[in-house]
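So that you can tell them apart, the chains are marked A, B and C in the order they are listed, and the count of residues begins at 1 in each.
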């Protein structure tokens, strides 16, 4: 595989990853037969790092691996924008966060199974990026899926002392209540 | 059958609809006998009754408007009967189409009605054809829709985390419990909302009709129908009735057009 | 402000946004005195869109704005890194979605009538949970059944700018075509 192609793949993965990636992670991007040598991967990373100057994001090596981050001179502008935008958290987003908060530790598969949806990718990304959610460990089952839980920042941002202070879940509604509750927010 | 379907992406009806013991089953057996397991695999290829009907009609190149409808009907009803033995959820939908086919068939066998049918009213076969034709574009467009690059499947959004973003909380903590509650309630509601109807089988209706006809000799069709069983009950009684006529256990009597239809026991005369 | 600088700022904001951004959002990146004209912003977006070819991510306009997204040829590799499964939708699911998309607003009964099949509950549930479909109102007939339609998120997730960009619905076949044309790729 040509270096340019290795760079293309590695850059794509790093730009869309929600946590820093290590060399070992990057190797998983390739089939066994096409996997580049460690030296090639490092060369690709070096070249991607060097592209820094004129681009708004740059590759940075941190303790837990490589990640792209925003140029510092753009930080205040972008922050200003994100604060002005009232993030329109979707129902899916709220439900996912609620499931993690009340049912932690929970795997992504469990969330998907409960919600019946497989496309929570961007939601998990946002939750991890917000640092409201973190990986707490791995579940001891096939595939060792990550177990997600809420962070201290989540507690801070929601003005909670600890998880015990989450509002209690009202008792399960009776069937009658369920039939009459306005579940979809429509004008039933 | 949709429950089976949802675990895999089914394409349009493939040219080889099923593989049984390693051998492709690409023709409908002419004698209509397929081992039940094979039939199950075969029928799983279809999205529903319209799909199955379309397949039968096309494979046989049968003009649905002509008398050949008899052949398709028989085949269709045979499949539906087998499906019922396999206890599928979706049988009611198939039965409804079967009833339509039977209606078409019975009309084909009867002399044309004395009064002309109103022009703006579609005959059952025309209506069935129209439904098949209206359904096809949607069956087709799925390919194109599914070919669109989908977030989470074919692509994902780039959103590089930028740290130090001490965003003020924009969600009240109360919203969280509400979200989870709505979620739980919605799931529960949908799980309990649908109250499964009693299973109505052709066989049970056959026995019911036989017992009624046996004791009373002559029973009005209208007395066999129960409103609470709805469309499904109606269709099942109809099929059971046709089955009993075929087995020459009962005969149907009608004094004049639009008069009540009676079922008469003819088995005891033999 | 030079076009190159506008591009640099806009690209940085779009690469770090969690949701697609609209022109109005992008304007907030600039101080009042330096804010570029709408035409300049649009030119910047156009040029950024054109850079697509050799890059692993590209700028795409969807219903709710502009976003950077991964080249589809990289998706399966990137999925190796996360636990996300590739969602595969059944024909039944897609037919239901297609009917809602092309015939909205539509009731569940109308969908069932068209497909000749009772809509399975979990299909509707997944469509609603995915937020691809929402209840738009009630039909003024007996029982006031819910009228379903597609959402902006459906357009976003399918990379569509608006409903007019849906793939064209094939014409209703004539009886002859239905009987004889090779509609399914089978040899009937």
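Here, a contact is a pair of C-beta atoms (placed from the backbone, for glycine too) under 8 Å apart; a residue touches a chain by one contact, two chains touch by 3 or more.
Not measured: the values here are computed from a predicted model.
S.K.: Based on mean C-alpha positions, I'd like to know which chain lies farthest from chain B.
M.R.: That would be chain A.
S.K.: Taking the mean of all protein CA atoms as the centre, name the chain whose own CA mean is closest to it.
M.R.: When every chain is reduced to its C-alpha mean, the one closest to the whole-protein mean is C.
S.K.: Measuring from the mean C-alpha position of chain B to the mean C-alpha position of chain C, what distance in angstrom results?
M.R.: Measuring from centre to centre gives 32 Å for this pair.
S.K.: Could you give the separation in Å between the centres of chain A and chain C, each centre being the mean of its C-alpha atoms?
M.R.: 21
S.K.: Roughly how far is chain A from chain B, centre to centre by C-alpha average, rounded to an integer in Å?
M.R.: 43
S.K.: Indicate the residues of chain C shared as contacts by at least two other chains.
M.R.: 15-18, 57, 68, 70-71, 78, 84, 87, 122, 125, 157
S.K.: Residues of chain B touching 2+ other chains?
M.R.: Residues 150-153, 156-162, 186-187, 193 of chain B each touch two or more of the other chains.
S.K.: Would you mind writing out the residues of chain A in touch with chain B in their complex?
M.R.: Residues 15-16, 18, 57, 67-70, 75, 78-79, 82-83, 86-87, 89, 91, 94-95, 97-99, 101-102, 114-115, 118-119, 121-122, 125-126, 128-130, 157-160, 166-170, 172-173, 175, 177-179, 181, 183-184 of chain A touch chain B in their complex.
S.K.: Can you name the residues of chain A that touch chain C in the complex?
M.R.: Those residues of chain A that touch chain C are 8-9, 11-13, 15-18, 21, 25, 28-30, 54-57, 68, 70-71, 74, 77-78, 80-82, 84-85, 87-88, 90-92, 107-109, 115-119, 121-122, 125-126, 129, 143, 145-146, 184, 186-188.
S.K.: Would you pull the chain B residues touching chain A in the complex into a rising list?
M.R.: Of all residues in chain B, those touching chain A are 150-153, 156-165, 167-171, 173-177, 179-189, 192-193.
S.K.: Which residues of chain B touch chain C in their complex?
M.R.: Where chain B meets chain C, its residues are 2-3, 5-15, 47-51, 54-55, 57-59, 61, 63, 90, 92-93, 96-97, 129, 131-142, 144-162, 186-187, 190, 193-194.
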